[in-house]
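What follows is one structure encoded as structure tokens, with my remarks underneath.
The letters A, B, C and D name the chains in turn, as written, and every chain counts its residues from 1.
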Amino acid sequence: MIEHGHFTGKANAAAGKVWQFGVIGYGYWGPNVTRNLILIKETAVKTICDQNPETLQRAAEFYPAVTLTENAEDIYQDPEIDVVAVITPVSTHYALAKRALESGKHVFVEKPFTFNVKQAEELITLAEEKGLTIMVDHTFLFTGAVRHIKKEIDAGNIGEVYYYDSTRVNLGLFQQDVNVIWDLAPHDFSILDFLVGRKPIRLSALGLDHFGRGIENIAYVTVYFEENLIAHFNFNWLSPVKVRNTLIGGSKKMVVWDDMLRDEKIKIYDKGVDVESREGIYRSLIDYRLGDMYSPRINPAEALKQELIYLVECLQQGTTPINDGHAGLRIVRMLEAADSSLKRGGKVIEL
Amino acid sequence: MIEHGHFTGKANAAAGKVWQFGVIGYGYWGPNVTRNLILIKETAVKTICDQNPETLQRAAEFYPAVTLTENAEDIYQDPEIDVVAVITPVSTHYALAKRALESGKHVFVEKPFTFNVKQAEELITLAEEKGLTIMVDHTFLFTGAVRHIKKEIDAGNIGEVYYYDSTRVNLGLFQQDVNVIWDLAPHDFSILDFLVGRKPIRLSALGLDHFGRGIENIAYVTVYFEENLIAHFNFNWLSPVKVRNTLIGGSKKMVVWDDMLRDEKIKIYDKGVDVESREGIYRSLIDYRLGDMYSPRINPAEALKQELIYLVECLQQGTTPINDGHAGLRIVRMLEAADSSLKRGGKVIEL
Amino acid sequence: MIEHGHFTGKANAAAGKVWQFGVIGYGYWGPNVTRNLILIKETAVKTICDQNPETLQRAAEFYPAVTLTENAEDIYQDPEIDVVAVITPVSTHYALAKRALESGKHVFVEKPFTFNVKQAEELITLAEEKGLTIMVDHTFLFTGAVRHIKKEIDAGNIGEVYYYDSTRVNLGLFQQDVNVIWDLAPHDFSILDFLVGRKPIRLSALGLDHFGRGIENIAYVTVYFEENLIAHFNFNWLSPVKVRNTLIGGSKKMVVWDDMLRDEKIKIYDKGVDVESREGIYRSLIDYRLGDMYSPRINPAEALKQELIYLVECLQQGTTPINDGHAGLRIVRMLEAADSSLKRGGKVIEL
Amino acid sequence: MIEHGHFTGKANAAAGKVWQFGVIGYGYWGPNVTRNLILIKETAVKTICDQNPETLQRAAEFYPAVTLTENAEDIYQDPEIDVVAVITPVSTHYALAKRALESGKHVFVEKPFTFNVKQAEELITLAEEKGLTIMVDHTFLFTGAVRHIKKEIDAGNIGEVYYYDSTRVNLGLFQQDVNVIWDLAPHDFSILDFLVGRKPIRLSALGLDHFGRGIENIAYVTVYFEENLIAHFNFNWLSPVKVRNTLIGGSKKMVVWDDMLRDEKIKIYDKGVDVESREGIYRSLIDYRLGDMYSPRINPAEALKQELIYLVECLQQGTTPINDGHAGLRIVRMLEAADSSLKRGGKVIEL
């Protein structure tokens, strides 16, 4: 089984098996999944399904050898296909994944897992009955940045984690079916779930729909976790500049993760001063920072590729992925609660 | 009267009058106020009062000609003193300022103005009865950065302002008498009040006291203003790195203000793309930003000096400062409500 | 014909012709050329040649339909191949390109064009006799950044160009056959040649070989151009950090181009102050910058793809590329002179 | 005697002596020297001399207790004055410092020490005959940044120092009497002299005078030092942006010092990869950096104040400053040679 913090990077080539995938949905993210499945030795794409003929045409140009279809049943009913990759809007995940599991296929499904808790629970039960694997595409768990932060936290270098504070803003507004929470929060919720593994206690979400469409374009979510951890998320679709900034504060050190930087994504700061002293007080008022900073080199390997290699490992070895259906469910539960709080003007919701 | 957006920079030298100040409180900020009052031609410091003899000794070394006292009455009762600068902890502002007004002195008082709304209202009434001026030290209103943003907003370059989003974090915890909201929020609340001049409708504040001292060290405040403006403030005393970052999003452009940068504090971004289109959607997913950016040179003059020159103008011309008691009261009202929401677990408070 | 400063971006699809390429060399850059030739509608790769069987094997996995060979004659003698892409070490360019031209093929050749001036002149003559096109892969000319700078200079926004100052450093030392000038200077020399189109007058190069291998790993090159333009280049193979920084100073504005930034690669600064005045002098001593800054959004399209599309345009329309053999020759002439000065301890060489 | 790398920070207060200074020159830098001399317990300013009555008037406003004069003899002939601070243009240093030494005063003199080698040698001899101290104001040696770099080099963390590469550009052109080398190079030459303590062997300087005034506004200086160290300096008066960037490359690590950053002025990079390997080659082509980075917190104390405290230590203890006349002479010798090479079109000069 994969250990937290690093990958072996080697699927069991000895097994020799090539896992055949059917890919449903070839819009924005589907081509990336397809490209990596073709590059990885142990995986292959047999069939791509999309409802849009023009989109299928683009796939045909790149991959003349792959079967193309507008009918997902061609995938479900193909006995040679082992895994179905569901890369479609969230509202369709449940039905497509359910049909795949019923057909005896493993499922790799885009995040968020499902549109509500009930759907997620049902898919988990179905997969367990059938002995099939669900992997939810929480891609960020497979980035060098998140892996490094996890390593630092697990090694105790950060100390007790006091807060997790993420800003994730960009231009959006085009999402027709979901609001800014369903669009952006799955990233942060899954990262936090992975990094600290604590249970959320209650949350509140406040936001606004500036354009009267019933779809909030700004949301601020605050979540209290067990053991005095407070998490805060700033989601915004009205920013021409992309911000991906996360602060993680602990009793020993603090991590600043700016994912938009090409380099120095991760900076780790010492406190460096006792701010209870008078000298410390004055220095903290004047100086930009008080201690040393360390910026580790981050593994630049493509996260999606790492994740799919890890999927192969799980399938070959019959192990449960860290990003399985239960992980997907934990994130959906938070999304559902945050959306509910948002709709009720920021009312605090117990989880 | 000073116009928004620029200073004349010239107090009426013709008047010839030198305004005599008594400074109460010579801890962290008092020396800065004193230094500027001595540098400005139209002002002088006659007396400095502090309860700590060591602190007074420091003042004596720098300014041998200034009278020093541990008794504030020496200032109130001195007929030569025109203005009392109250640079002490907030809990003492009301009593000290009241005594100054009763003694017929104008008042320059550190922010936040008072500890509650009632105190502020009483001081305003007293000053109006006596025909005296109150200026609350909302220093940031006099920075080149805030002045430039104000100019852009007033000129309509930003368009309709949709959101104001500020992060203000650093190492703190040493504040013994107030929580992180009372410590850090006065800056942002007064800046926003100045920039948009809209009325707050309701707010919510969530936070945490990690150390069981009854003093919250983290707080997230969301305020809804009239005309669909949402403001959000992230205050945190547990960060070894200082962050002073504000995003202001409008229908036309967006301002990113990073006050920790030596240069390029203000960046103004074009949207540059119609994200309703498919091409716009894809570009917004991939690109860091979508339009051009402009970074104006900011006037680097010391804000506190600008503010004190402006105080002289107001006193000489008998005009009301933009940062008068009423401005101070508006900020205290928000502080009081935010603190109340925080204490009640994030309950939404109507203003 | 393509105009300087922008591309039409549309090869004449009406023509319908697909240009068949033979690619010689599949090491570091060859795969990128191949990938783009396959993506572009009007081009195709028929054959890839490499002396290393393992390298060919990598190509086979990606492109099972392409013919693979260790013998370049298979390309030269194939009548279906229109263009030979020579993506090999510089020492082999002359022989391979000559054979291609003799075989009636157009040539796309990696920079630097040849190892000396004589070889370049011979290839140009041969191509002209045969009516064939040579394009030298000066990729940077096709980046959004260089295109934007060109546009600003041509529009007169920079004013008279006073200096061009480039720093290009990274870890190297592995180049076995050429020194740091031959490795890194072709980029900068070709960019400058494109941007200002002036004739170099004389140059000097100083450097050092720290490891006694006869291959300089650091070199500083200064070139005087006509009309009072001075250019300076800082090349270094001993830096664990990659720096790609260029300053272009003019009588009106200055361009700062940091190619390592993900965003804001190009910043254009106003002078903003008359430094002959006393006030200007003092401000220039204290302030980081004196005028406003503007950072245009840069076209993020892949430069190599733009270049190959442009090659198709030139072939279809029979026009001469801006990066033709003569452009390649101009750069080789400067490389040869710089190397000669370096070997003679910095002696100034007239061009 | 002060050790390299740190200050005791405590002048011998027990001695109780207050050193009386006469300050000649109150233009740009003189006020800073004066302010610090007044702040430091062990020093005092008795007299300020300047030829410009308006400048003297400014001094009078700040320091009403200090004697002001337009005649330097009032300083030389005052038996109470111990030290003369010469803060005037370089062309006047020799005459003013000589007169001070003849009058039995110690000398603190602005950099560069003198206008030529001969003057420097004469002043050194005179001081030694009289038993007086010369300190040349190489302020940068007393910054937290330079001190930290020195510590890293001395501890062997950088390894063998291969190169020192500095860029120092800003708007200038206003200097009437000296060119860009005499204006900007003293900083870098003195820093390098302090950091590595090696002897320069030969140098070359190339540059340009764009405005036909006989005063070069751009210069590139390359200096070869013993033990295979190459140093390079980029000086430029035609940049509206200030750049203060230094790379120091060693066999083990590399220092990047960006003095314009408010924070993270010093970054220290590991090599992190063996670039002789094929994998190392490819990574070095693609990645921004290859190893970890460490950014120590730098002591933010004002360098000039540290330097003047150190001057007091040297005077009290009779020790020789690291920035004595000999250090000043070494820098003047390099300046003279660089200027000579520049005037002769880049001719290499042996030192």
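One rule holds in what follows: contacts are C-beta pairs under 8 Å (C-beta built on N, C-alpha and C of every residue); 3 or more make two chains touch, one makes a residue touch a chain.
What you see is a predicted model, and the numbers here were worked out from it, not measured in a lab.
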Chain at maximum distance from chain B, centres defined as averaged CA atoms: C
Compare the two sides of the chain A and chain D interface and say whether they are made mostly of the same residue numbers, over half shared, or of different ones. same
When B-C and A-B are ranked by contacting C-beta pairs, first place goes to A-B
Can you compute the centre-to-centre distance for chain A and chain B, using the mean CA position of each chain? Integer Å is fine. 40
For the pair chain B and chain C, the C-alpha centroid-to-centroid distance in angstrom is 53
Among the residues of chain A, which are close enough to touch at least two other chains? 260, 262-263, 270, 272, 287-291
Complex contacts: residues of chain D adjacent to chain B: 260-263
Chain C partner contacts - residues on chain B that touch it in the complex: 262-264, 270, 272, 286-297, 300
Would you tell me which residues of chain A are touching chain B in their complex? 28, 162-163, 165, 167, 169-174, 204, 206-208, 210, 218, 220, 222, 224, 228, 230, 232, 234, 236, 238-243, 247, 249, 253-254, 256, 260, 269-273, 275-276, 280-282, 284-285, 287-291, 345-348
